[in-house]
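Heads up, there are several structures right after this.
Below, chain A partners chain B and then partners chain C, in two separate complexes.
On to the complex of A and B.
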């Protein structure tokens, strides 16, 4: 069996195993047979012998959280894969273009104004798209520079600006209610996930994913110098707008429910590329499987390892930093 | 095939060349000679529609180039840029397969027929054994051959090659020049630039001499590649020596 095929199988098996584990672990343990009994009963509409506590834990508490971890991980990994290919740079991530910061600013503003969860999500979407729109408008007007470098640098600068706006809101926020809410949200957490969060994030993530799947071959050509891609028949300007919009939508969908969880969009595409090579059509599904599995593992570890919950963003950074340095030092040639 | 009329070209705010006029027939091979910075690459980019003409006009198959969609140009004109590695480790085969993009719908990936075209292009350039190697890990010359194969996989009517022999060893230079002649026999036009006037003698029907963005001469290599034109372009004394077989070669003077 080729490395490529084995990679998909191992990633899918790991994801399934982690999902079963994530359902089972916690203050109220649930066995795999119990899980299947309940799911089977719900699907066929028949009665089951489980306690109502077990049902609540599976359907209302752990189920949404497990699914949200998978959606968030897959969405961040897919967005990172798209950004990396498009910027011809394996080191960029959804944080570039100020997307994450823009989405965070939108959400923080909603919390500051004490708006509800739905408005928080809508503001996060709007903030992410606004940031990338701003970056794109400014970056593409800086003529006489390499257009991609201009875009990336504009993204960094705008990201910093948005970051200071967040700092201002934190400074102004009520220190007893709003400030802790903002701080926890910025740390990133899946603890407060509700089925309604999941129902709003999943369609948005899928809407961003579908065009990327359809355009999977063309996206490869964005890795070439602009002139070459155009000479090969690709309208790079239009394609780039579509890819940025899709990746941003996926990032915003994730950030809106989970807060900022760094590293996933940077590390996972990298690791997947080491296994199956840079072809976008092969890379995207594997990156999504691995992103979902990674996020699920981190979240489950975070809520079970200690008596208090460890925010997943802290764990991704703990795992991500050494992995990134290792990649930088050792695996550079395999990009 | 291609008609260029009083063309002025360059970047926004900076003119590189002007008053370039020539035509290219089906199956004709034209070599563009000129010193570094003479405007060859900028001219090629304008002919590919990557830069807007500043004056004059480029007509492709009778219609202005600007009237074609990007993909329609790519189905007619193939481009071999000067080699570069890129960031990502696509295999040589994947790089060649990218040449098929112009023939694919927006949402399509290359199919079996496209793979066969790519395999033929790989074979023509002798790259079969390198097909699974990452493009980032082959030599500069091999990369150049892969870019030629990619342009062939595009199945163009006109091939524009920017110094296709620049990073190749002597054997591969000859192979590329032979490939250019073979394409011409199949009715494909070729426009290529080079720094070696001998290549014009070997492979081109006509030569266009370009210095400081202006045409110095246009005609058969024998007529236009002369000691006076070479001196004007390159600033060195060169003897053009007729060979017994009917060809010519350029021999620079090593003193003075």
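On to the complex of A and C.
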């Protein structure tokens, strides 16, 4: 069996195993038989003898959170894969064009104005889209440069500007109330996920994913120099807009409900590429499986290890770094 | 523009003159001898808790607020004080004060009330050296507030007013403690204090955020968690299953009634989720100053209604008159106590 096929199988099996484990683990003790009783009863519509709290934990708290971790992980990994392919650079993360920074600014503004959770999510989502829209509008008008370079530089510059706007709001925020709320949001967390968040983030993420899946073959051509791609009949300019829009949509949808979660979108695509090579069509599903599994592992650990939440940003680096180094050591494939 | 620069420069020249001070030396909470001018007329509060204490003793001596009062806060203060300028804070989380602005306010004394940890003690020494203005640091815990009043009274040359406040505050604390003692352990409900719009942040044992709960001898479900502000998983909260939930966040208060996860707690089931009033300063948590005395009465009444058979309106009236120098109108009292959640759903 080839490395490629083994990678898919292992990643899918790991994700399935982790999901089962994640459903079974939590601060609120629910045994595996109880879990099956409940799910069985729900599927058949029959009564069950479990406490209503146990049902709430599974259906309203843990279930949505497990699913959200997978959606967020997969979305960030997919966006990272698309960008790394498009920018022909393995060091690119989904935030390269400012989507996370824009989302953070939106969320911080909403917290600063004490607008509540729903508006914070809406502001974050809109902030992410607006930031990338701005970067693209400015970057694509800078003529006389390599278009990708112009885009990346504009992203960095505008990202810095948005970053200082965030810093200003933090500085002006009420230090006892708003500032801690801002800090907690910026740390990223799936702690407050509700079924409604899942229902709003998933369709947006899928809407971003679908075009990428359909265009997977052409996205590969973006890795070629522009003139070569054009010679093959691909309108690189238009294709780039589509890729940027899709990756942005996915990232913004994820970040709006989870806050800033680094690392996943940067290193998961890279890890997947070490296993199956750079072909976008092969890479995308594996990166998504790995991203979902990784995020799920991190979030499950974060919510079960202690009676307080451990921020995923801390764990992603703590678990991810050795894993990545190990993968880098054993895999021989290069970019 | 030029005129604006002249004043701070002149003030800098005046620093050595200011150093010739002759007031009574008083030790601050870090044990440092503070020797202010013979007559302290102007006091700069380094953070919000200091503002409340100084304002209570001598409102005419407070040179400004750390943050301008917003209209819904200002209405609780006499007009001339409500309009005091915004001068920024020297301590607390994040420093927004400009030392030149502090100098320009020409204070005779700088006061900080709150934590007395080493970094703040060092800041006090540093700012005092830099500005030549004596900088006193006091403990902001409720228990320490009477002592803070007495020391500040001596420093500010306002012993009678400060002593009256100290004695009154002591009496209130003693009254609260005596009432708490009457409540047997098994009658004390398990309480969760939820912060943030999702209610998922709380204060662990010994955290300044839950000092009111500790004064009330309440059973904080999060006491097992380390001190400070922490995020907790909702499953952990369901496991604790608090009987009463207190919050400072109106978004969370509304969310608790509809979110299925929170509805699984005993507190929501028994309709015992309460929202702390927050005007002009928070009652329960922040700013962590003397303002939280009202939070203790409020939470006491919620947790132990039999032992705290008090008239909360009267308590608010009394506190406002002493601390904010303006008795709230009946309409203001209605607004404070009638906000949804303050006394239950």
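The criterion applied here is as follows: the second predicted complex is superposed on the first by the 316 of 335 C-alpha atoms of A that agree within 3 Å, B and C clash if a C-alpha of one lies under 4 Å from a C-alpha of the other, contacts with A are read in each partner's own complex, and residues count from 1 in each chain.
Here, a contact is a pair of C-beta atoms (placed from the backbone, for glycine too) under 8 Å apart; a residue touches a chain by one contact, two chains touch by 3 or more.
Treat the numbers as computed from the prediction; the structure is a model and nothing was measured.
Chemist: On chain A, do chain B and chain C fit together or clash when superposed?
Modeler: They fit side by side.
Chemist: Once the structures are superposed on A, label A:220 by its partner contacts, choosing first (chain B), second (chain C), both or neither.
Modeler: It touches chain B, and chain C stays clear.
Chemist: Answer with first, second, both or neither: which of chain B and chain C does A:321 touch in the superposed model?
Modeler: In the superposition, A:321 contacts neither chain B nor chain C.
Chemist: Contacts for A:160 in the overlay, against chain B (first) and chain C (second): which applies, first, second, both or neither?
Modeler: In the superposition, A:160 contacts neither chain B nor chain C.
Chemist: Tell me the contact category for A:27 with respect to chain B and chain C: first, second, both or neither.
Modeler: Second partner only, chain C.
Chemist: Give me the angle at the C-alpha centre of chain A between the C-alpha centres of chain B and chain C, rounded to the nearest 10 degrees.
Modeler: 140
Chemist: Would you sort A:308 into first (chain B), second (chain C), both or neither based on which partner it touches?
Modeler: In the superposed model, A:308 contacts chain C only, not chain B.
Chemist: Between chain B (first) and chain C (second), which, if any, makes contact with A:181: first, second, both or neither?
Modeler: second
Chemist: What's the minimum Cα gap, in whole angstrom, linking chain B and chain C in the superposed view?
Modeler: When the complexes share the chain A frame, the smallest chain B-chain C C-alpha distance is 42 Å.
Chemist: Inside the complex, what are the residues of chain A that reach chain C?
Modeler: These residues of chain A touch chain C: 26-29, 52-53, 56-57, 59-62, 111, 114, 116-117, 120, 170-172, 174-177, 179-181, 184, 189, 191-192, 194, 303-304, 307-309, 311.
Chemist: For the complex, give me every residue of chain A touching chain B.
Modeler: Chain A reaches chain B through residues 85, 88-90, 143, 214-218, 220-221, 223-225, 227-228, 230-235, 273, 277-279, 281, 333-335.
Chemist: Where on chain B does chain A make contact in their complex?
Modeler: Going by the criterion above, the answer is residues 12, 45, 48-50, 69-71, 73-75, 77-79, 81, 84, 86-91, 94, 98-99, 101-102, 104, 106-110, 134, 136-137, 150, 154.
Chemist: Can you name the residues of chain C that touch chain A in the complex?
Modeler: It comes out as residues 48, 67, 89, 92-94, 96, 195-198, 200-201, 224-226, 229-236, 238-239, 241, 248, 251, 255, 259-261, 263-264, 282, 285-288.
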